[in-house]
Each structure stands twice: as C-alpha cells, then as structure tokens.
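Each chain carries a letter (A, B, C, D and E) given by its place in the written order, and its residues are counted from 1.
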Amino acid sequence: DGEAKGETNQTITIGATAGPYSDQLKEGIAPILKEKGIKLNIIEFHDYIQPNNALEEGDIDANLFQNRLYLSNFNEHQGTKLTALFAVPTAPIAMYSKRHQSLDDLEPGMTISLPNDTVNLARSLNMLESYGWLTVDPNVNPITASEKDVIDNPYHLKLNPLEAAATPRSLEDADFAFVNGNYAIASGLKLTEAVDVEQTSEDFLIYLTVREGEEDEPFVQALKEAYESEEFYTYTLEHSQGYVLPPYQQEQEAKK
Amino acid sequence: MIEVRQVTKRYGNVLALDDVSVTIERGDIFGMIGYSGAGKSTLLRCLNGLEQPTSGEVIIDGIDITKVSKRALRQIRQKIGMIFQHFHLIQTKTVYQNVAFSMKVAGKSTAEIAERVPELLHLVGLSDRANHYPAQLSGGQKQRVGIARALANNPDILLCDEATSALDPTTTASILQLLKKINEELDITIILITHEMEVVQTICHRVAVMEDGKIVEEGDVYHIFASPEQPLTKQFVDTVHSLTLPPRLLEERTGDILQLTFRGDDAEQAIISKAATRFAVDLNILHGQITYIQDRALGTLIVELLGEPKERKRASAWLTERTNRLEVLGYAS
Amino acid sequence: MADEFVQAFIETGWMLGIATFFSIAVGVPLGVFLFVTSEGMFWQNRIVQSIAGTTINIIRSLPYIILLVLLIPLAKALLGTSTGPTAASVSLVFAGIPFYARLVESALREVDRGVIEAAESCGASPWRIIWDVLLPEAKSGMIAGLTVTVISLLGYSAMAGMIGGGGIGDLAIRYGYHRFQQEVMIATVIILIIVVQLIQSVGDRLSKKANKMNVT
Amino acid sequence: MIEVRQVTKRYGNVLALDDVSVTIERGDIFGMIGYSGAGKSTLLRCLNGLEQPTSGEVIIDGIDITKVSKRALRQIRQKIGMIFQHFHLIQTKTVYQNVAFSMKVAGKSTAEIAERVPELLHLVGLSDRANHYPAQLSGGQKQRVGIARALANNPDILLCDEATSALDPTTTASILQLLKKINEELDITIILITHEMEVVQTICHRVAVMEDGKIVEEGDVYHIFASPEQPLTKQFVDTVHSLTLPPRLLEERTGDILQLTFRGDDAEQAIISKAATRFAVDLNILHGQITYIQDRALGTLIVELLGEPKERKRASAWLTERTNRLEVLGYAS
Amino acid sequence: MADEFVQAFIETGWMLGIATFFSIAVGVPLGVFLFVTSEGMFWQNRIVQSIAGTTINIIRSLPYIILLVLLIPLAKALLGTSTGPTAASVSLVFAGIPFYARLVESALREVDRGVIEAAESCGASPWRIIWDVLLPEAKSGMIAGLTVTVISLLGYSAMAGMIGGGGIGDLAIRYGYHRFQQEVMIATVIILIIVVQLIQSVGDRLSKKANKMNVT
C-alpha cells in the first residue's frame, strides 16, 4: 500500500464526498501543501461507504466525510481498522421550512423530509425526538436509527427520507426539511434562516480518517499542520460561515 | 386507358427503363415479356406509382399519377390490384386477414368482407387454409393468396407480376380462366408479366416485348406470334413453336424436308392430303404444331416429301402457293 | 420487515406499471414516427425526423439521476408532490419513453419493405399501414424491446429512492447497502432476480407468439 | 442413388407427405410435378435433411441421412446443391460473395474461388452484376445467382425447386441446356420440381406426379406423356398437348373429326398422306402437335376426314390400325 | 474548471471505451449463443440456453448501483484498485454485456430463416453460418442495438462517481446536483447531449450502411 501513499510523500491521495469537505481540501488545504512541495490528489465520492472501503483497501491515504460515531459503527460492522484523527470545520444539520417560521407551527399530519443516509437520518430523528415530536426505539443504535425505528408518532408526521442533496429541493413540498449544512449552503439556504440548527456535538463533527497505525506518518503530520495553520483559519472564516469549528480553530478564534 | 409516356428509370448507373412509351386500352389483356432484368417489373411498378420514374409520365384515365397528391394516388390505387412476383403477404395475418386487409383499405364493411373473402378463397382453392399464416403455405398457395388479395376490391386494372409462375399447370389454367372471365365480364384491364409464352397465347390480346429497358416490339398477340420481327421476339415465340428436329431424323430422311407455316384459315385447309392426292407424292409429317390464338389457327409443320423428283417439285410449288411460308430445310439426298 | 418487502414490492410494481404504460403509450407512437418520417418512408421528412431524433437524444443523454432531479419541478406541477413513488415514476416515464422509442424504431426497420409496398399498392393510408402492417409485423421485435426496457426501468427504479420513491431496489440500497443488513440485500436481490426472470420469460413467450414466421 | 422409403411429414394437422417411397438412380434427371401444395418442396427438402421426416428413411448412397450425425450430414450436403423456390440469397453479400460463400464452405481456396466464381457468373449471364447486392436484382437475376451458387461446388446431386420459374423462356432454355450438359458430362443426378411441363419434356428422364402428399404416378417421361394413367397426370400432360378446338371450328365442320395419337415411329410415317392417296378422302389437319421427348416423337393430330361415308369408314379403319390411338370427336353431320 | 471538463471527458471516454469494447467482445458471442441454442436452431439446447439466459437475467436484475458495489472486490482483484474510472468500468462492462447480448439476440431473431437454411443446405458448419450469415445479416440491427447500449452505459457511467470514477455525468452530479451549480450542470448536460447525438448519428449511419436491403 506504500505506492498509493507515495514513497517520497510527494503526493497525498485523499477521498472526500462532493461538497464542502472536498472544497475545503481543494481550496483551503491543497495550496498550503503545495507550498511544501506536496501534491494533494482529491478523489470525490458521492457515497458514504466507498470512501472507507477505498481507504481500507489502500486505494487512498485518507478520507474526509464522516463523524466518529459513523466510523466506529462502520469499523464494527465491516471489520475495518480505520481511525479518526482530528475534526475539521463542519457544516451543522438544520431544519428549514418555506411554510413555517417556528417549531410551534407543528400540526398533525405534517410532512418532513430527512436525508436518507444512515448518519444524517439518525441525526434528524434525534432532533425531532428532542422537540418531543416523536419517540425513537431506545434499543436501537442511535447512529443507525431509521424512520422504521420510530415507535411513537403522536402527530402522525409523514417522514420522507430522501437522498441528502434532494432535501433542499423538497422544500416546496414538505412542511419541514432537514438539510445538511453543506447542501444548505450550496443550495443558497442560510443557516441563519433555519427553523432550528443542530447543536452539533463533537460526535457529529467531521473527522479526517486514516488507517490505524499510520497516525504518525509524515503525510498525516503535513495534513494536520495544514489544517491547524493560520492560513486555513482565514480560509474558513471567509468561506465557511456558520460552520461548527473544530477545537483547534476554536482556540484560534479565542486568541483573536 | 393507361398511357406511359417516355418513362425512364435509373438506379445508380443501371438504366432499368429507357424512354418507354406504350398505350394500353381499357379492357385489354396486355402481356409483357422479355429477358430477366429487362425492366418489366419496374415498368409495372411505375403503373401504380410504387416506383417514381426518373422522368416521364404515367397517365391513367387522364391523370398523371407521377404528379398527383398522395391522397389522390391512394384513391387511384384502390382500383388497381397488384399481384407481386414475391407475394409480399403480411406474415402476421392469416390468409383470411390478408385478403380482408385490402378490402378494409377500400372501406368495405365487415359484412361485405365476411361475405366476399370466403368467396375469393374458394375461387383460388384455399378455402381450407383461411386460418393459416403465410409461413405455413407452399409457394403456390402464397401466390394464390396474393391473387385473391388483388381481386378483392374488383379493381379496374389488375397488374400481375408473374402471377402464375409458382403455380402448377392446372391451377395456372384455372387462374387464367378466371382472369379471362373477369376481363370479359367486368371489362377489367389486365397487365401481365409472364415468362410463359403459353400464358400470353392463352389470354393476352396484346403483348409488348422488352429488352434492356426498352419496348422493342409491341402488338396484337396473334400478329406477334405469327410474324415476330425482332430477333428476341422470334426467340420467345420459338420456345413454344420450337420445331427442332432431332438431328438423327434429319440424317435418316430420304425425301425433301419442308417447313410449312399456316396462318389463319390456311390451317383449316386439307393441304397435306390434297397435295398427296393431287401429286404422286407421300407427305410424312415429322413435326408440327398448330395452336389457336384468339381463335385463329397458327400452325407449323415439318414434312418429308417423298416421291419422284419431278413430282416433288410440283407438289412443292403447289404447297408454296397455298401456305403462308414454305421453307426447305433439306433436299432429298 | 416482511411488511416492508410487501410495500416495496407494491411500490416497485406501481412505478414500473406507470412507467411501462407510458413507455408503450408514448414510446410506440414516437418510434413509429421516427420510422415513418425516415428516408424512403411515406412521411419522409428530414427536418421533422431530426427534431424528434434530437429531442429523444437529449432526454437519453441525461443520466437517470440527473433526469430524476431535473424532473422534480414537473412532478410537483403534475402531481402536487415531488417525492414518493408516483413522483419517481415521472422520471422513469421520461427515461422509458425515448429508450423504448429507439427500440421500437429498430424493430420497425426489420419489417419487409415488400410487405409495406404491397399495402401501399392497395391504396392503404399511412395510418392503416401503421396499424395493420407495421405494428403487427414488428410486434415480436417490439415485445423483445419492451422486455429490455422494463428490466432497465426496474434497475433505474432502484434510484428512485433518492426522491423517496421506495421500491425493492431502494430497499436493497438503503438497508442492504447503507446499513449493512446483508440479509435484506440478499432477499431483495433474490426478489429482483425472480421479477426479472418473470419479465423475461413472459416477454420471450409473447414475442415468440407474435412471430408468425415459424408457426407450425 | 437416392432412396426415399415410406417418408411421412406432418405439420400440425396437415399431412404434407404421406408415406412416400421413390427411388432415383444416379445420373437421372428426375422431375416432380403436382398441384401447388402437393408436398413437392417438402419432399425435396427431405432429400438434404432440411426437413426431418416425421417417419421414414431417406437413403443417399447407402446412408440414411435422417439418422447420421450433423457433421456427416454437412459433409453430404456439400455434395448436394440446392436451388430454392424463393432464392434465399444472403442480403448482405454481393452476387460474387453469395456464390463464393458455398465454395468457402466446401473449403475451396481463395484462388480456386477467384477463378470459378466469374466462370459461374458468366454461365448464368450475370458477369456485370458481380458486385450488386440481391436487393438490386430482378427476380430472375436472383434466381440465377441461386443457380450459380448451387452449381459452385460441382455437386453430385442437384435439387431444384422451381429453378426456372422466374426466368424468361430463353434464359430458361439456356439453363436447362446447362443442366442437361452437366448431367451428361458429369453424371450429376438432378431432381427438379417444376410447373412447366415443357421443362419436364425437355430434360427429364423420369417424372413423379404428386398429389396430396403422395406420389400418384411415376415413370419414364415419354411413357407418362404418351399414356398418362392418373387423371391428374392426364390433366398436366394435356396442358402441353392440349388440343382443344375452338368450338366454332367443330360446328362449321362437315366431315368426321378424328383425333390421332402417334407414338414413336408411327409419327414418322406418312400416314396422313398415305390415307389420302389410298382412299378417296381428304384429310384436313385442324390441330396438332408433335413433340420429341427423349428423341422419340409423340404426336397428336385432329383431322377432319372428308369424303363419301364409305370411304371415310375405310380410311378410319386403316388409320386406327396404324396409329396408337384414334378417337372420333365428331361424325359428319 | 475547463481542465476538469477535459479530464471528465477523457474519463468518460475511457470508461465507455472499455465498456463498449467488452460489451461487443463478450455480448456478441453471448447473444449469438443465446440465439443458436434456442428452439429450432442448430445448437438447440434448452438447458444450456436457459442457464445462459438466467445468468444474464441475474446480472440484469441488479440495479446498476448495486452491481457497482458488488463488483468492487472484482475490480480490486483485477486492477489492484477499487476506485477511479478503470475500476468503475468493471461494473459498466458487467452492465453492458448482458444488456447488449439481449439486443444482439433480438437482432439475430430477425434474420430470415430461409437464408440460414440455404447456408445449411450448402453444408456450412455452425461457425461458418454464424460468421458468414448470421452476423452480417444481423449487423445492421446489432449496430442499432449497440447505439442504444452505449448511450445507456453513458448514463450509467454518471453513477461511477460513487466509487470515484469521474467522468462527465459525475461532474454534473457533483457540481450540478450536490453543489447546486446550475452552470456546470447545464454545461455538462450540453456536452452529454452532443456526445449522445454523435453516438446516435454515427450508429445510425453505420447501421444504415450495413443494411443492404435498400441499397441503390
């Protein structure tokens, strides 16, 4: 697997999902690494499983698309040995509506769009549960809970899981829609206009992931340095408004 | 009346029809003969607009069908039946449905169709095959379906492209009889391509001989058979009136060999027997054929004239006067 | 879970049913149109033909996922909703029609010219020829093409889950793939295989029956 | 030698061949005639295994081809040429390639092919069409390609399903000549379905008459023409020797009307003229036909016998003795 | 961005090239096999035929996304990598082969039985008949089928992005769909339309040329 990594550390191949994370790699990180003579090769996936498989298989050196809960669940089910290294600026999930202004507008029979991928579906359900709109089976793994695991739905809400990128497109249709931060920003929604924004816990921050045992490889160090750099912090402020910042950037923010 | 005026048809560098002009009168049975590839099918296809001539006009009852609208052409075609050389039946329709199809096209009612189709199938001897598909038929059976289909709408004009070439002689005879009958009773114009000179002889009034895209000879059938002018026509006529003697016979013979051609009423005279009684000769008929074309006899005999030289000469002279043509094929050795 | 399978099955059936219906209802006329306006045919018209052909190509050129997304507004306008199996079938319909139209067109190209000419020589109108000659003669090939179309649509319908379409394929993706429930994956795949086998064998049988070239 | 033993072929409820047995000797030209749908094509197709009989055996040179392996059957077929009723040319190959195909099948070298194909095309008069596709040919041209293809491998057996039905008389004659020649020179067995009795008459040695899936009569051609036994055979023979007088003639006649049939050497005797000199009668030939089948004459004449009743009677008796058959069609009124 | 388009274009070309190559190389023999083992043909064999047919149906029954995922191990084994355009083409190959095989089979069904019989009567071996009769006679229909196949594969290739395959369709999805960049979407769609038009018109031309029924 040395080949993919690049013997001379001249090239780092990293997988990311299309959207904010590949953008931040391409526009924020790659220029920094380039100055150090390292080429960043980004492969865009639009899927949440293949980037992990590719990493495990050694086709890529690292990936950037998932939170720690998802990763541990993945490792557990797939027997992979991947490890989350550090968090990056993360777009929070939020609930939007074109018809309603607040959570108080709740009425029985309303339709709610949610992202249909495992993590974001669970996150959305988690938020709904926190509003007291429904109850999820406490026995299921909170990270893989799906609409089938809703055991109590007193308002007879119609839950409509869609492909994540389709949720902003469903706003015309649904009363409420949970939209991942990246898609919200890309589709022109403003986090500030959201009905409710997730209080993103550390568990839901997106982490840079590598194979176990490679935590100390030079390329990891290079990436880490790039992320923690001042330059990247500036980039984040400019391009990633409303993102939840990782601890190291929160420190940088505090310093200011 | 059908008038073909200076029609030319070109396929790439093949000139299939080369400035053809011909007039076919209403009620005619018009035969077309010629070598394979002469352009007969092409000419026939021009008559109902299946083929658009490269230049020239095809006028049917005063209308130039190369110029009319598609709708008008369809109207005209409903009154022109066509029997195809390769049948072209609808594979997914039964015999019954194939025939019914052309009636539906002409807007006939279901009742009419239900009455006429069995009648037509009976006429062509396929009553028991009404529900068979074309793939289940023999070649001749397919051809008969094509004939029934072409007749279904009582057309004014019937175009037949070798309509009987896949039929046995008896069936051919009965189909020809049928054509003759509808021609006489309903005054239908029939244009008929054939390779069988007997067919021409049996039912045609007029015949055109085609060669290399041109009509090289055209005329009354009796006339064409009796005095073909073009070498090609002679060849074709000879195939039915071919009086080639086996060489052996010519060698063995001791008398003069004469070929006599009779036309019209000559044929009905007792010339042979009269010559035998009048002169001291014996006339031995070696070969011969007399046919009736449009009820007029046309005959050729090859006779051996036996007797004294002098008598033979006299008999010969006498015969020459009384026959249409006398040719000496060989003198007594 | 059994319930979900039943529901997915119904959803798939519903989506495919709608898509197949419109693929036939619009694809056949469109295929016929492409054929009869082509060179040498009775409605020969180069311009109209190439407009139709290009329109078809444009729709065909959109990957199904994009088509699915692009048609969300249309689904919304037509059905008042942009999610769910019925909404998903809008894009299946749009995927199915041009696909099938092309296959219908090729099937028609195999019809013997002589037979068409024979019909023309009877004075048959274009409509009559289409109805009584072209369609019956090409039926066998058209059914074979429909089989290919329906199976392809079944494959596409798996993606309908993107806009909440549901169905068997979506079940396989969401549970079998995203949630690593191998049993679901296997079960759905088996169902899919059975469905495809069924479609294929019904298609083969009908196609063979429509072919009267080898009757006995 | 080809031996067909009790072959039956059934399509659904159609019995296309019904217990057919027939033997065809090496070097024969064997004709098959019969109504359309009689089973001729089916029988022919059994001879090279294209059709598997429902029951029965087809033995070619001692091998039952209904039982041999596919490979062996292919070997046998390479020595059996077949000309199809509907040509069945490969549409996507040119005329040249169609003929070359069957040679390639037989493993001929490119050089051999390049030499023989033009030769064959010349033989059938299609040299100028070598690079045309079947769709560009007329019916007869297609048929000639089929003929060239069947002859390409110098087959031992040639199966012809109406090989000349789409050909004009001249081309037919030349093809028949060709067949006769290869039959004589190369001892090829030819089996030939035809609807044209002239074809049978011109080249066949033996002929089988089929009706409803059965062979109803079979024998030497001369014999069949001279004394047909089955009504069907009579019908067919009559189509070439049809001596139907126009009714007008029969009405107008004043003498006895006799129909005389000659066989073999009778025909070469000067019977008519001898009768005329021997008795006080005139013999008026109204209609007649003499043909040579396998170099032997076969003739029919319809004569009017004029004279005193007594003389007529004597002449009649004399003629009866000297002809093969004498039939009185009408007595003097 | 222009760079990305060029690269996407190359990736698409690469994936389609590989998939088309194998669809022809394997799909044609498979289609021929399906046909010649069918009833009434020279290698008639019900069992072998239905095994082949079922195998094809099984592959056909997997929605492309699932096929893509299932074949990752194979891509890994064959190519040493499971991501990128070459890896994606493995699943395109598997989608293309059975699809095209079915279309080849239908094209062969349209070959005139009489012509096959004529070849048999010459004593031609099955191979010879396949090579010199079936394939040339069905060529026109087979090319039309290939056109449909390639355009469908182009659509599938858009999904190759799941495993980082890239290509034009993927560009449309990543930018147009996931990033809501309409201009990219429109640009890619225009490119796709041009590519499809091109494929279709080349296909039509070749198919017409192969058809010798209406030569002049």
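Just so it is clear, a contact is a pair of C-beta atoms (placed from the backbone, for glycine too) under 8 Å apart; a residue touches a chain by one contact, two chains touch by 3 or more.
Composition by chain, UniProt nomenclature: B, D = Methionine ABC transporter ATP-binding protein; C, E = ABC transporter permease.
From a predicted model like this one, the values you see are computed outputs, not experimental measurements.
Fewest steps needed to get from chain C (ABC transporter permease) to chain D, stepping only to touching chains, is 2.
Steps from chain A to chain D, taking the shortest chain of touch contacts, total 2.
Chain centres here are means of the Cα atoms, and by that rule the chain farthest away from chain B is A.
Here the spacing of chain A and chain E (ABC transporter permease), counted between their Cα centres, is 37 Å.
Rounded to whole angstrom, the centroid-to-centroid distance between chain D and chain E (ABC transporter permease), based on C-alpha atoms, equals 53 Å.
Chain centres here are Cα averages; for chain B and chain E (ABC transporter permease) they lie 55 Å apart. Mean C-alpha positions place chain C (ABC transporter permease) and chain E (ABC transporter permease) at a centre distance of 17 Å. Residue positions of chain D with contacts to 2 or more other chains are 11, 86, 136. Residues of chain A in contact with two or more other chains: 49. Listed for chain E (ABC transporter permease) are residues 69, 173, 177, 211, 213-214, 216, each touching two or more other chains. Touching pairs of chains, sorted by label, consist of A-C, A-E, B-C, B-D, C-E, D-E.
Within the complex, the chain C (ABC transporter permease) residues that touch chain E (ABC transporter permease) are 40, 53-54, 57-58, 60-66, 69, 99, 102-103, 105-107, 109-110, 113, 140-141, 144-145, 147-148, 151-152, 154-159, 169, 172-173, 176-177, 185, 189, 192-193, 195-197, 200, 211, 213-214.
Contact residues on chain C (ABC transporter permease) toward chain B in their complex (touch as defined above): 42, 112, 114-115, 117-125, 128, 132-133, 136-137, 139, 210, 212-216.
If you check the complex, the residues on chain A that touch chain E (ABC transporter permease) are 15, 17-19, 23, 43-47, 49-50, 53-54, 57, 59-60, 165, 168, 183, 186-188. Chain C (ABC transporter permease) contributes residues 4, 69, 72, 76, 81-84, 161-164, 174, 177-180 to its touches with chain A in the complex. Per the touch definition, chain B reaches chain D in the complex via residues 11, 14, 33-38, 41, 85-86, 136-141, 143-144, 162, 165-173, 195-198, 232, 235-236, 239-240, 245-246, 248-249, 267-277, 281-290, 292, 295, 297, 299, 301, 304, 306.
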